[in-house]
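Multiple structures are listed underneath, in structure tokens.
Below are two complexes that have chain A in common, paired first with chain B and then with chain C.
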Partner chain A sequence: MYADKDPGSLKVVGTPQRRVDVLEKLTGAARYTADLKLPGMLYAKVKRSPHARARIIRIDTSRAAALPGVRSIITGEELPYRVGLYIVDKYVMARGVVRHFGEAVAAVAADSIEIAQRAVDLIEVEYEVLTPVLDPVKAFDRRSPLVHPDLGEYEYVEAVFTPVPGTNIANHTKLRKGNLAKGFREADWIVEREYTNPSVQHVPMETHVAIGQWGPRDQVTLWSSAQSPFTVRNLFCHAFKLPHKNVRVIVPYVGGGFGGKAGIHLEPLVACLSRKAGGRPVRLVATREEEFSLLPCRSALTYRIKTGLRNDGRIVAQKMTMFWDAGAYADYAVNVTRASGYSASGPYEIPNAWIDAYTMYTNKPFGTAYRGFGHVEFSWGIERHMDLCARTIGMDPLEFRKVNALRPGSLTLTGERITVNTGNVTKCMEEVAKAINYGRLTAREKAREKRTGKKIGKAVAALHKAPAMPPFTSTVVILRMNEDGTVTANFSLSEIGQGTYTSVAQVIAERLKFPMEKIRVCLDTDTEHDPYDWQTVASKGLVLTGNAAILAAEDLLRRAYGTAGQILRAHPRDLDHDDEKVFLRHHPDRSVTFREMAVGYAYPDGNGIGGQIVGVGRYIAQGLSNLNKETGQGHPALDWTYGAHGIIVEVDPETGEYNVLKVASAFDVGKAINPECVRGQAVGGMLQGLGTAVCEGYMYDTEGHLLNPSFTDNKVPTAMDLPEEVESIAVETPQIDGPYGARGVGEHPMIAVCGALGNAIQNAVGADLTHMPMRQEDVWRALRKKTSINHFITRCGFGCKR
Partner chain B sequence: MKRAEAGEPVEISLRINGEKVTCRVPPHVTLLRFLREYVGLTGTKEGCSAGECGACTVLFNGRAVNSCLVLAVEADGANIRTVEGECRNNRLSRLQELLDKHHAVQCGFCTPGMIMSIRDLLARHPKPTLRQIQEGIEGNFCRCTGYVQIIEAILEYTGQLKKKGELKRVRG
Partner chain C sequence: MLPNVRKFYRPTSLEEAVALLNSEKERNVVLGGGTQLALSAHPGIEGLIDLGGLGLDKIERRGEEIVIGARARPSDLFRSELLRDVADNILAEAAGNYLAEVQRNRASIGGILISCAAWADIAAALLAIGGRITIAGKDGEKTMTVDEFYEAGPSKAAHRAIITELRIRAGGRGAYQRLAKTETDISILSSLVRLDEETDGTIREARVVIGGATALPVRVREVEEKLRGKRLDPALAEEASRDCPIETVGDFRASADYRRKMAAVLTKRALAALAK
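Let's turn to the complex of A and B:
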């Protein structure tokens, strides 16, 4: 959908337009879900499990029920409804057993939040505490207790996933490319190591919020901070066996999502409370603590990589084994596993690859989508491993990456052939390398080292990601012309801060040849009034919705030309238009304005023709396929966005303390529809990536209690944590089927920051880290225990076992 | 403020964005909840209720406070400013215009508190250094922007923006 191939002719696309969604955000008038107060609304609180794994013996709600002002109480026993998108493994609330610390076991709706809290405190739950399954690798052991003994009964998307009943494996994604054994035989070196990272919380500034109203005849309205109104409706209807027309989901302003608000969360809970409270609306606002354990996080990963490489730097074989710690429920983790499974090597060509990616159930808060969808996590391992490989053969790590980078003609892990239009990862690496003066210290940096006694290290890491979504994901844009010739657009991405609404408005303006001032985008989403979109996830919004927007604009113009052709007595092909009117190309003075035609044209005698000028564009991902379940071969990628980060870090060789001096980031976005929006994603994602790399992560005790569910104990980056210098670069290799050549870049800035930082620290002081976050004390420990890292490097030669 | 029995609503009088407000409020209610639920000013946000994230920042007699850590009764007689007081005559303030211009807003949830902290910062340091700006907004978590565009807006506001950061664009 490369609508206009001459970049010089673009007027709106490619310019730093102001965002269409910020006016009310700046004034405080923007209403987020927790700002809504409905007549008769009740306030909900949740009773949560203090145990990681336990049998529920008894729940006594009698004292809570006796409290004046309590309107409804629900427990899992009365809610036999399972919800899920990929694997339907989670009840609305725990039934019979609790599977993680913080899981909901009961909920109350009351006249005030105080009464609800008091009632929750009065609910007595008797548990039989069981030994939890906490280690995702030990969970693999056939003797391990089962988190889901009835895994074999769950519904799941059979064409895509492979649960293994009787084990803790919620999904096993396999990929086999080439001939692994043959590849290893060709290798001069074999390098093997394991990399790990913990669960991480998304930390949207707005916690999850939902309001539910279950009226008579099963008419349900849900207001929610959801990223995915239509998926909420779909899963809700599926769980409760309701017709879709009965259920309405409204998403007002959303205070950040980052994947944590994809899928369905608190909506069934408030709906059930409302149903039991006679249809009064019920609101539940998750506390920050609940955000960490009642609601999902990002899965932890244990990643084993075994690489065969030649002396000339080519990787010839790679075996990759992933143990994804899904936690107690794996609805989303199975798909994170799948998406990571087909890109697990990073943006490098591996001729002979073998991947086993396992989604493991454990008794911990469960994982879901988080910006990067698995790629941040595995990129930590891959990018650290690339440096280890390069060091092994004595090659510069950047050179090593370039030798192995995907390029036109390369085959991806799934057998997709890369073309010149796919994007240019090498260019991204070269740009950031230039930006950080890679490979040497500048005179200023040398002077700084001398002055401070600290050591400066540099590194470049590369990344790739394609949207992880069903191959047939679709979207719709509807344009309506208003009486004055302005245009209102409806589509159903949630504007969660990512800026897509602005970029799509620019695409519409460009295609219509209208100024931005004439385009209005409806910001809230309502399944009752807006057309379908699958979800606001995967960095697919701009590409799919942008293409639908082009089609909608063309449809609108076709209708306008049809009416104008009648009025002007001309064939539509002889017409052209500007932002005011449609005119005859050959006689531009013969014209009719959009205003005259907007809602139907009236002749002087009162006869009318036309009607409201509307445009509909629908777009569905094309040519994608499910992957073969045995080989992982197929075509999963709508588009690949490549990128790279270059990092300069300054490390104290005595204490391990470090400062990030500079991060330069480059992404092949195809076309920067709005350069300021791209920069906002690039910088914001980079800092979120630094959070993951430097300090964030869940900590548990040996019984599975989460120890740090707060900002006191789980720090996130503040303005003080900014690198001294930040540089953002857009490489523009047009995506032929992207809107004006664009690709998505919402998630990518967060990927590979961790690996680049780890490598830069090692290059500075030699600290060799395989676990992130890299807390300063971890660097100190690594400096003192120089041989602690568990890796195997084999020099292959005569008689060497491979 | 009149003395009251424990837990009973207490009458308080204060100025909010220049307007006098008198209201009865239970003594355990925070200033944040008071503003949002009793006065209906929902621009001020709740992000953590523990004084960590800064989403609830308001000006209390000119200084930034986390309104989740202040009781409404403590604000009796005080002068409170919230994001709703930032517009003048229904027009965006210069600060709001610059935050818009620099794309300093993404999801917008931290924005109201951020604006209040910037006001506090500018009142103390009309020409803040970069370090002072970073310290001034350190208590306001923004998970979206990475702060850079916010800092640029502040620097332009104080006439100190030497060179606006830009997305460098290169052909693939």
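Let's turn to the complex of A and C:
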């Protein structure tokens, strides 16, 4: 919508407006869920399983119940409610068996956190420990124990997913394009390798927090740090068989989500505790340690790629097999598998493709959505693999990428035709290549190598991603004019740091021709007062809500013109507006202000017309379809955002240490509605990507205990770890059906950073790595051709707490 | 959470603190900075003895020695002007790498010595600098060298006793090299060196310490021997550190093999920095 607007005519869109939430967040005025204190509120603590897989023999809560100040205790036995996004496979709390380390087996609500913790310590649980399923590839073996023997009985979204009962396969996504065998026959080379990465944690600054109050007549109110209030309500109602009108979800300020808060998590637990405590509100604040195992993580991936190449550099066939480690519950992992299953080749055209993507149940903390939704993980393999392919035929890796890049006329894996307005991945690659002086070392860099004894390497990697969402995803924006002519906007995305609320306010201001300060976007969300949105995920917020905002603004103008036409005795067609007034085009001095009409226009004698000016904009994704379950063909993509990273790294061959000197990132955002928000996403996502490439990752012992649920042993990068130089570039190929031509760019900065870094390290010193994170020792071992160390499951030495 | 703590003591004299620690009636433990106790759920602990009232948090110069009170925090060490005169400030630098700002502002140097985590470079730095530790027990005060302290094992050396202060010699030159995943990471391995030289540059005493290789920091006597009585130049730095024959342990942070090889590399770099 308005993708063809002359940029010179835009007043607010395209300018670096200050974020609408910045002052509240910087001064501490913003109130988060954990800041709320309700009258009579109780505090909850959870008893967690110390085992990865065990039968619960007995839970004795009698000593805990006897503790003064304890108001309610719940165990799985009394909660026959299953929840699940796509496969309904998870009880609110473990019943009969525990399926992962850290799973909730009992919970307590008490007058204080201390009493609740004391009570949790007094609960005795007797387990029969069973051998856990830990390796997602071994879980594939028909002889493997089953994590979910009842898989065949679970409800699931049948149009989209394919669980295989009697196995550990929660979902099998298939994609078949062209003729694979023929493609391989035409190949001069066949390049095959496996790439792996472990689970990682989202690490939002605010941990998961929920307050639940189960009121009279089954009226339930939930305050939550959730990303998706309507999805919480929907799944909650489904689990407890309550009408939607009974359940209200309120989301105040949220301190980051990154996908970890996209689904439903602690809300059923606090609601059940509240119900048992006679309706008193109950609050549960997850500890940082609980974030690592009570709450979900990002799935690990084992990715096998077999590529057929011609001597001229064209990829002619590619077979891709993914084993996603879902952990104990399917949650989002099945959909991560699906979304990855249709973009698994990266932004390259593969004429003959074959994908089998499996979501494997294991006895580990479960995987959920995480910024990039599978793309960061498979991109690691693809981008490393593209370099291996290029090296095999002696071609420059950037040139190789350009030869195979998706371009107008190309068909994606699902058979969608790329057009000029889809975006330009080649341009993104060229921009970052220029920014890092790709292909050579500058005089300064050569001098630096000489001075330090370290080696400098460079690489470019490319990426793409479309929103992973149901084809019928919709949203609504409601605009209400206040008495003074200012406008209040309601819509239900959670502002989790991405800046969409600011950008949507800019879109509204632009379309209304109002100054930004006249627009108020309501940052907190309340399902009782705000209109529907599916979720705050998938980098779809700006595109869908931005379009709805344009439609709402136009609806509001229509109402205003209707009233103004009566006042000015003119046909609405002859009206125009600006400067907060509606006027006659032919006689601009004859006008009426929006303020005068805001809640109804009153003539001098008191007689009124109109009424409050309200605009409603509804937008639903267009032209999308489910994918054929056998071939994977169809139209899943609202839009494709392309991008590329260029990395300069300096590697110490003696120790394997490395230092990222520069990252240049370019994304084809269509239109940067707010260039500062784009840059914020680009830099933040890039650093988050570097974290997973360099130092993050879950480690387990052979019994499935998580060894590093802390910031001591699971490092995340800080500002001190930023590359010496960061450059962010916006390419703008307008998306015709995006608001003012814009596309989403929330997740993309995190994708392909890992592959680019791995390739740059290899170009610097020759270390050939197939597992991330790439620790110093991994680089050192690769250089000395020593076997790498298994990162998933390890033995525990000194210094570890367990 | 310590479930059975009933009493909180804040003694005003060391004797009182030691008596409480040796009480037969109840199991009391010392509360220094509390960063370790905060993680403990030991059911046997009944009382806490807060050392905050004993004035043990000073860092001061006494003649040729710098005296560090046992309750001084890593952040105090990090900022101390006095420590700059000791082996080129390596103790303060190591203190700056102790966990995160929150812990640096709370933990006590005495507590760090007692728990002596392998990754705590601050403990390795103390061994490299050398010095004496004063410990108050029920039989009065005793002092021992840092070397003796580690040899006995920290918990044994200070059994039912309270570390009151550390005395370290000013002067000397020092170097510190470490391996870590990120800037704020604790060390995977570290090498710390102190050299005391005659006016003509001849090395009178060399202390070369590896931290993170095993549970306690260790001195690498073989390297020290090669340095003593000689003048350090790049060739000697290379020669002396060619082999670092120490025992190393593997864990999920790094393998024993890698640690062993890196011990030599880091030591070479530390000595090379001093040879410039």
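What we mean here is this: the second predicted complex is superposed on the first by the 783 of 802 C-alpha atoms of A that agree within 3 Å, B and C clash if a C-alpha of one lies under 4 Å from a C-alpha of the other, contacts with A are read in each partner's own complex, and residues count from 1 in each chain.
Everything below uses one rule, namely that a contact is a pair of C-beta atoms (placed from the backbone, for glycine too) under 8 Å apart; a residue touches a chain by one contact, two chains touch by 3 or more.
Nothing here was measured: the structure is a model prediction, and the numbers come from that model.
**Student:** With both complexes superposed on chain A, which partner does A:Leu707 reach: first (chain B), second (chain C), both or neither?
**Tutor:** Once the two structures are laid over each other on A, A:Leu707 reaches chain C alone.
**Student:** Which holds for A:Gly28: it touches chain B only (first), chain C only (second), both, or neither?
**Tutor:** First partner only, chain B.
**Student:** Of the partners chain B and chain C, which touch A:Glu654 in the superposed model: first, second, both, neither?
**Tutor:** In the superposition, A:Glu654 contacts chain C only.
**Student:** Which of the two partners, first being chain B and second being chain C, lies in contact with A:Met720: first, second, both, or neither?
**Tutor:** In the superposition, A:Met720 contacts both chain B and chain C.
**Student:** Now for A:Asp578: first (chain B), second (chain C), both, or neither, which partner does it touch?
**Tutor:** So A:Asp578 meets neither chain B nor chain C here.
**Student:** Using the touch definition from the top, say if A:Pro675 reaches chain B (first), chain C (second), both or neither.
**Tutor:** So A:Pro675 only meets chain B here.
**Student:** Going by the contact rule set out at the top, does A:Asp121 touch chain B (first), chain C (second), both, or neither?
**Tutor:** In the superposition, A:Asp121 touches chain C alone.
**Student:** Under the stated touch criterion, which partner chain does A:Arg775 make contact with: chain B (first), chain C (second), both, or neither?
**Tutor:** Touch status of A:Arg775: second partner only.
**Student:** Any idea whether chain B or chain C touches more of chain A?
**Tutor:** Per-residue touch count on chain A favours B.
**Student:** Considering only the touch criterion stated at the top, classify A:Glu630 as touching first (chain B), second (chain C), both, or neither.
**Tutor:** So A:Glu630 meets neither chain B nor chain C here.
**Student:** Give me the intersection of chain A's contacts with chain B and its contacts with chain C, in residue numbers.
**Tutor:** 711-712, 717-718, 720
**Student:** Quick one: in the complex, what on chain A touches chain B?
**Tutor:** Interface residues on the chain A side: 16, 18-19, 21-32, 34-35, 37, 203-207, 253-258, 285, 287-288, 423-424, 427, 431, 496-499, 668, 670, 672, 675-680, 682-688, 710-712, 716-720, 722, 726-734.
**Student:** In the complex formed with chain A, which residues of chain B make contact?
**Tutor:** Its residues touching chain A are 36-37, 41-50, 52-53, 55, 82-84, 86-87, 92, 96, 99-103, 105-112, 115, 133-135, 137-151, 165-172.
**Student:** Given the complex with chain C, which residues does chain A contribute to the contact?
**Tutor:** Against chain C, the touching part of chain A is residues 114, 117-118, 121, 654-655, 657, 694-695, 699, 707-708, 711-713, 715, 717-718, 720-721, 775-777, 780-781, 786, 789, 794-800.
**Student:** Under the stated contact criterion, what part of chain C meets chain A in this complex?
**Tutor:** Interface residues on chain C, with respect to chain A: 1, 3, 41, 99-100, 117-119, 179, 181-186, 188, 214-215, 249-255, 257-258, 261-262, 265.
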